[in-house]
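Note that subunit A is present in both complexes that follow, paired respectively with subunit B and with subunit C.
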Partner chain A sequence: MSHSVIARAAEATPPGLARRFKGLSDRAIAWSFVAPTIFLLLAVNIFPLIWTIRLSFTNFRANRPNAEVEWIGLRNYDRILTDSDIWQTMQATAHFLCWTIVLQVLIGFSLAWLINRKFKGNDLWTTIIVLPMMLSPAVVGNFWTFLYQPQIGLFNYVVAFFTGADPTSFSMIGSVSLAPWAIIIVDTWMWTPFVMLICLAGLRSIPDSIYEAAECDRASKWRQFWTITLPMTLPFLMLAVLFRGIENFKMFDLVVQLTGGGPGNTTTLTSIDLKREAFEKWRTGYASAYAIILFVTVFGLASIYVKALNKVKER
Partner chain B sequence: MSMSSQTPESPTPAESVPSGRRIFVRGPWEMAASILIGLGVVMLMQPFVLWAYSWSFPVTLIGTVMFIVVSHFPD
Partner chain C sequence: MSGYSITEPSLRQKWVAGALVAFYAIVTILPLVWIIATGFKSSADAIAYPPKVVFAPSLEGYVNLFTTQTRQTAEYFASHPPETWYERIVQSKGLTIAGPSRFGERFMNSVIIGFGSTFLSVFLGTLAAYAFSRFKVPLKDDLMFFILSTRMMPPIAVAIPIFLMFRSLGLSDTHAGMILLYTAVNLSLSVWLLKGFIDEIPQEYEEAALIDGYTRFQAFTKVVLPQAATGIASTAIFCLIFAWNEYAFAVLLTSGTAQTAPPFIPTIIGNAGQDWPAVAAGATLFLLPVMVFTILLRKHLLRGITFGAVRK
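Showing the complex of A and B:
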């Protein structure tokens, strides 16, 4: 059977191609297949990375290509790591990161726990909950801008309904204290379903026999949750946290559409600041160093993510 | 006498590593590298002291490079 498949594959090979590969070892044929991918990876990923590292040690400006480029060593890194404005940007990113992760994990896990219970319309509710995740961040940013409008926005009226406050008395994206929360709410609304799906996968991987054994031992629902449900879904939760952490560290499109980094610099996240340095101020060398700092941070977090992923696979 | 009666067993992963190289085992070193990376990220984003922010990148970089190196250690 396998012989006939090989024979058919050999017959299907065009004669020109067969003549070219004739006499090549298996290893050489394998390399000839892999080489284009390796070349593409080197050209698209590795070369730009090495070039960015090189630029980070210079004062190169992309809008002045003919200007003399000076080698300034670690000065760009020194400036970034002593700049209090960038430090504040990092703090804004940390605020966004921490709160989105906490809210998404809490709400996502609760939703997964509810959806995991068999009830009528279970599939329909799962689809409805997952819908925000399927939308484009640009679209989400735009329509939430309308929802947050103090005059016509639905959000202010809902808040006013529950609190009794005047709906026009506050502006979510115009207020220094509320704008960071505005982007947190939108990101949570959009990405909680993703965390829910991961948690749901974790909850559904727990065999019913474990709960049955726990019930035989007269373990309460509360104890079952803390000793079975939570420990067995923890690797999945960890994955969700790391994945959302890495994604939100790079957050750009949604926040640009919503607040543009304002008011002032309150919602200027690192990726927005980096874009301004690179393509508005045209400090390419400085922006390269900034990008390398962010890259190393994300790469480090990604390493832990891969390690956690392997642990989940081993389960 | 008793030795000859024992059946040969495959060595456990820890036993298979030569004793001189037993300190270069992946698990604890990977954990240490992960802690360094985590510490670096916390230092980068904390709002309290500027010097911690200034030293965050070297700490993260050391952790990341260490992680890459130690992930090639035996289990």
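Showing the complex of A and C:
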């Protein structure tokens, strides 16, 4: 394999094509290769970020581009941090985040642990389980509203089948108490395979020899699980939680299609609230301050978490 | 593998594990099966109570998905008998086809924007990944982290200034604008994934080529690129799936010309509320390619979803 590549490289006559690059030093190539990427990211990410910071100190409204823009200092930030509605939104987001992570870690880890038994056909089942994760959350979320309909929806019917409850007696997305769980169920359905795949990689990274040694020392299976399996998959598990945490903090498409934030404000997660402020109420300055607060929160939490993750890895 | 291993699970354990996993897989696939099945139901069957598992297949949903229809009188039908199978389906409900729907257009937008942005982000990503992998780039780690951190921003937060920027540049609701935006969003993924793939190609190959008189650029195109082909292909599929599925930017920045399928499919409305067979038909056509790609990609799946952090 390696031989043929070198041979192929040697056989081809060094052509005059790309002669322009011939004189380029490694340094020049390095820069010309990296520059377009960095430039594009600066233009589409950093420049807008700076613009957002600037806007956050003003009362600018994007639907009135000609109105006079006033510099109002920190008033937007002050209004957001003292607004009780926003704290309610944060609570809804925290509820969604915590429960999706707990459920996905529990189910995902258990599935990975089972799949690691290497039974027949496990590739096939794994592939089937993984499918929901790759699909468009907006399109799938929209269809789930159909599955959740009382009477005609499959979900209610399946629940009724197992519990004996009347399928018309509850509406997952219409009821204030059930709606937060409706979004948790769909997110868990969709993203459990993600956690599962990462845990599976973790479980497979543990060499058999460790278990063999434990077996020789007559450690019980239970003890092996707590002293070998769990600690050795922990870094993987934490990585999965990091990804899910960031993704679900940003959650928009799935939930906006499922419940649109309702009923009332029960499932209004921060991204949905932000979208309303920015693109429905057109309070651009206020929404910019809101966006900055969210960004700082994600970034801050993620960096603390990554530090903890690195500590676990070093152990 | 021969002989007895104490770490090998017993046959009974395997059976129980297999049964539990199979049960989960069947439950988890149900909603997807239901989408595909609903696409082939008639409107009456789709909203039947209890939900129908066995039904007479109908292409009504697909016909509704691709056409717009208007009501007509009995006299009109008497003078215009239906000529094709789809006209017959429509006429059985007292309607006639008025023209094509926008679904085809929206689907094509998804294709154009998806492939355009994938090509660009993989192209730029390969160059950057090669440079990060092989050369001493000052502040390399910081730049790599910066590239990754662009993914942490909630899309809605970036959407405000991008909306303003696109408006002043005339890029709102254009294919070019969306391609540019998705390229930028996907760059973090493509650089990180491709750097991992290129890191795995031994440097000796290029060194041999350089000794043979190749320039660095030729060594890159003639030696490294063919070696990285699998990695580039799977990165491209991940980028494509992301662009294909993206909703937040699409719903905020496009409304007509450049609108992709995800914001469009949920807005398919029938005569009374949402036309579920048509929605399901649209969803099926939209989701199937991704399912096929997922099956093709299953070996690299883990790597793709973790930005190359876990390689198996």
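Keep this in mind: the second predicted complex is superposed on the first by the 267 of 315 C-alpha atoms of A that agree within 3 Å, B and C clash if a C-alpha of one lies under 4 Å from a C-alpha of the other, contacts with A are read in each partner's own complex, and residues count from 1 in each chain.
Operating definition for what follows: a residue touches a chain if its C-beta (ideal position, glycine included) is under 8 Å from a C-beta of that chain, and two chains touch if they have at least 3 such contacts.
Keep in mind that what you see is a predicted model, and the values were worked out from it rather than measured.
When the shared chain is aligned, subunit B and subunit C each come close enough to touch A:299. When the two complexes are overlaid on their common chain A, residue A:91 makes contact with subunit B while staying clear of subunit C.
Touch criterion not met for A:101: it reaches neither subunit B nor subunit C.
Of the two partner chains, subunit B is the only one touched by A:77; subunit C is not. Contact with subunit C, but none with subunit B, is seen for A:291 once the two complexes are overlaid on the shared chain. In the superposition on chain A, A:44 makes contact with subunit C only, while subunit B stays out of contact range.
By the touch criterion defined above, A:173 reaches neither subunit B nor subunit C.
Judged by the touch definition given at the top, the superposed model places A:182 against neither subunit B nor subunit C. In the superposition on chain A, A:258 makes contact with neither subunit B nor subunit C. After superposition on the shared chain, subunit A has more residues touched by C, the comparison being subunit B against subunit C. Residues 299 of subunit A lie in contact with subunit B in one complex and with subunit C in the other.
Against subunit B, in their complex, subunit A makes its touches with residues 77, 81-82, 84, 87, 90-91, 93-94, 97, 293, 296-297, 299-301, 303-304, 307.
Those residues of subunit B lying in contact with subunit A across their complex are 30, 33-34, 37-38, 40-41, 44-47, 50, 53-57, 60-61, 63-64, 67-68, 71.
If you check the complex, the residues on subunit A that touch subunit C are 2, 5-6, 9-10, 12, 14-15, 17-18, 21-22, 24, 26-27, 29-31, 33-34, 36-38, 40-41, 43-45, 47-49, 51-52, 55, 62, 111, 114-115, 117-123, 125-140, 142-144, 146-147, 151-154, 157-158, 167, 189, 192-194, 197-198, 200-201, 204, 208, 211-212, 215, 236, 239, 243, 246, 249-250, 252-253, 257, 270-271, 274-275, 278-279, 284, 287-288, 291-292, 294-295, 298-299, 302.
If you check the complex, the residues on subunit C that touch subunit A are 5-7, 9, 13-15, 17-18, 20-22, 24-25, 28-32, 34-35, 38, 46-51, 124-125, 127-128, 130-132, 134-137, 143, 146-147, 149-165, 180-181, 183-185, 187-188, 191, 202, 204-205, 208-209, 212-223, 226-227, 241, 244-245, 247-248, 251-252, 261-263, 265-266, 274, 276, 279-280, 283, 286-287, 290-291, 293-295, 298, 301-302, 305-306, 309-310, 312.
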